[in-house]
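Here's the structure, in structure tokens; my notes come after.
So that you can tell them apart, the chains are marked A, B, C and D in the order they are listed, and the count of residues begins at 1 in each.
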């Protein structure tokens, strides 16, 4: 393996830069060259790529986002698009590919690998932590801290005004961010797409809490479970409480990556390079009980990633 | 002056606790007693109040919100409500009142002072920085840093995805937060209620910037100028750019108060006590060019507070 | 089990309050009573303890330190001291004890358990992450982020002035904080007590880096490995570089607990209560590959906790 | 004025990048060219300089330190050094110079201006806030928040362990940082170089506070007033309290600049360009009661900058 390519794809996640840095430095350490591919698969198709050196990744370890930029590409879902990308693989002499992204990006990587035989290793980079085969995905810990920081701030005003706050957080089809943030932030109720909820029960809990003297409450809503605005209106209607809604949106994805994400990203990026050097392919790297491991992309693709039931039950018990 | 009362009214603002602490300690230092009034004017009417000591304000200097809680009171706008409050003034032996809040709170304080002759001093506590008679209001600096922190985070993802972001910030009828945050955050356009804007011009600027290779942009919108969602849709329609909207909402009001707000709050709170001790009344304390000053409530009430034109022009120049 | 006691002992760690909250709420949820013991074992001996309710743990989840306070106690290392504590166990009707602390605290707990037969469960709360039987200890993640935040700040001035910085971090006999922070912060060299280092090699690396144009460097030193001041002087002498030293000290232990630490603390605290309810004893709870587990205190006491060699080698490779 | 030069000199300060950005964009906006000079006066002498464009200052507004780097130069204090710099002024066609730095940097600028007649405008950039002619210097607000953030963290462990903490902060001969941080952080005592202190009095206050039940204390020491280590030892000896010392060092200078510093820096940088355009010279820009102003360098050089006595007295009153 003389030359590898690296790209970030799908939604950006804090820590991706630390991962890119690790891929580049690890490869150079072992005497290989690295081609940085811009804008995910669309840059891969458009040959928007070029060599990276130690300088390319200097002073990026603490930056959010991704210096390679990212995008979602329709064309890579077509045979023609992938063939065009393969052209660039030959043209730039790329012998192995590191794809940093989420489930969708891995599907494309896996098909590309099967169609054209080029070795590919995936690194889980998404704030949603919804990929099986790893305990944590790169970006989840930072996003989680962003949400909990927002909860801290909103709690100040919730307490002062004795209000009910509904906070809508990211997570597409996953309740991981909502559950973890709700447990860490001491939310009164947590709505996740994985578990059916009943708005009457939630309001009943708010009302009985209010009877016991609880003067403010925070409800976390995963975007995949319901609309924060809808829930806020329903609570207002059913309880009469002064209810405010905040939709955190994209600020959850940004900011200085946490130490946890930087370390995870560095370890996974280096492992991806090792796998390619070892002639391994069609794999995704991950972390399990503190150890870096590899799984077959085939096995983990589309595999459901249930939320932690012990944590869900615990959140309920602690919010009494 | 043997006993004074203190209350926080209107929207909560970071630094109010530092102000309460200063009022209590300064008064005790001079041998006076302090009655803390809960929930602003509604607690004042309902006699939800009691004595405070050094312990009551220990370990609160760094907490957001207000330990006295706050509320908006319809009843205090009625003669009957104010008469009821005066009853409590007599009952608790309050000889002077410190009101920490915004313009609306001061109107009530001023009427109360004129009706019942009780000495009142106002302390400007609002994140909007829209009160004449002071260069800064308590809470503005912290809110500003909250917004700029959010811009930093959103910029990471804006850069990675080459998107346009619209961020709606607080400020009711004032563009102060939007202008200051836009200047500090390097926003491409800033929409404030004080100045007419033209969506075509904004989009024209975005498009020409895009031609020059500018791949992402951030537009700040003061809630009093327009709806972020509307502006986002208009930009999407007129430019075709992938445009996302974030409404920061109440997280702007919370969080650990900045050093600036804590110091301002301490100085203004102490000055308010001094004025009451000196038999002064119907005043608002403020800061002007670093010095603590006092103005007549009458003079500053409802007085317009224009945004800083030099800063507005500068923001335009720097966003070329 | 009708009534349990809880105490924090040894050095305080961010997240201890989230753990106390979980112990109290979980116990109350199951109909038990909780006695809060102040100042660790010294309050245990002096009967500085009392009942806790839901209100006792309201609004503490995001506070650093420990509301129960903590201390190191010589007397509990004596038979007399422990007998006195057992007196209070009887007097307050405590049937089980949760001890939140580190290795030293568990030794005391284990001896106490054996001498007096009272059920005891330990919860690992220390920033050092040096306890076997758990992948993480409560407080480590927050301390790590505090150190990395300091590295970020120091890097700004290191870059601007082209200086070498030596940063001494905590960790007593463990290099865990230094290694993790160095990997996350991109330090050029990391000195840990577990691995012999040679100051000439470190300076040689600095000099060759300087030849390659590297204009600033950061060296992390675990307090157990060497004195930051000594290392700084040696580097200055051997390289002639302008070298500055920062000793982070106790600010590493404080601050708002990270989401990771709050969740870990809540899960471990609740599990400790479950073990006591199940009649289990002489155990320590921990987390292994995301799952909450229990180990025998006997097995883990004094058991060495080697640093992660893969991470150590990786830090070297990435700092080329 | 067709072409101006800009440099940062002396200690780096957060916000310098925002100032450089404003100088460059403002100049380009008015059709001028900008030469960026590296490493302060030493780069000025060594011709380490080159043209800057809009791209040179993109994405730097939120970065600490200075992209132009900074240094202290002995040579510029010599006639020969300054003559060499003048050579480069001619060679690069520089017609006006913006110097961002502190008192020492301005002295050099002023002499250079008198010797060679080249127009020079100074911008106050130093965390010490010790320059007359401006209410605030660039970097002070961020440094202040860094110190107060450290106090917050240390207070957590001080409270939990009931300890006395001594924190040494920067400020060379100025007590501004110590005083402001002590007032904002609620320190029990503040030692500044401007005011004589008596260690016996400080310990007496600690002891009487302890009698009243105050279980922890924080003493702020400006580096110019005394050594934190010495004060810590003296307190330990005179009170017997468990006393810890933290020397914050260079982390005070770094980090993301606060909104206040970014806005101040942008306004002062733009004003400096305006002065040069207007043919003004030998001036320093500053802010007075919210307005940007200009003073003669001659008048402000070496002029003492006393600390705010009202704030010092207030800090004493509030720490009862």
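In the analysis below, a contact is a pair of C-beta atoms (placed from the backbone, for glycine too) under 8 Å apart; a residue touches a chain by one contact, two chains touch by 3 or more.
These are the chains along with the protein names UniProt gives them: A, B, C, D = ATP-dependent 6-phosphofructokinase.
Here the structure is a predicted model, which means the values were calculated and not measured.
Undergrad: Select the chain at the greatest separation from chain D, using centres from the mean of Cα atoms.
TA: It is A whose centre lies farthest from that of chain D.
Undergrad: Validating interface symmetry: for the copies chain C and chain D, is the fraction of residue numbers used by both over half? Same or different.
TA: On the two sides of the chain D and chain C interface, the residue numbers are mostly the same, over half being shared.
Undergrad: Need the CA-centroid distance for the pair chain A / chain C, whole Å please.
TA: 28
Undergrad: Between chain C and chain D, what is the separation of their C-alpha centroids in Å?
TA: Centre separation, chain C to chain D: 35 Å.
Undergrad: Centre to centre, by mean C-alpha position, how many angstrom separate chain A and chain D?
TA: Between these chains, centre-to-centre, one finds 39 Å.
Undergrad: Listing for chain D: what residues touch at least two other chains?
TA: 152, 155, 159
Undergrad: Go through the chains and record each pair that touches.
TA: After working through each pair, the chains in contact turn out to be A-B, A-C, B-D, C-D.
Undergrad: Under the stated contact criterion, what part of chain B meets chain A in this complex?
TA: Residue list for chain B touching chain A: 8, 12, 14, 39, 63-66, 69-71, 146, 149-150, 152-162, 165, 244-255.
Undergrad: What does chain C use to touch chain A in their complex?
TA: My answer: residues 18, 21-22, 25-26, 28-29, 54, 59, 61-62, 135, 141, 144-145, 147-148, 152, 155, 159, 180-181, 183-186, 256, 258-260, 262-263, 266-267, 270, 288-290, 292, 308, 310-311, 314, 317-318, 320.
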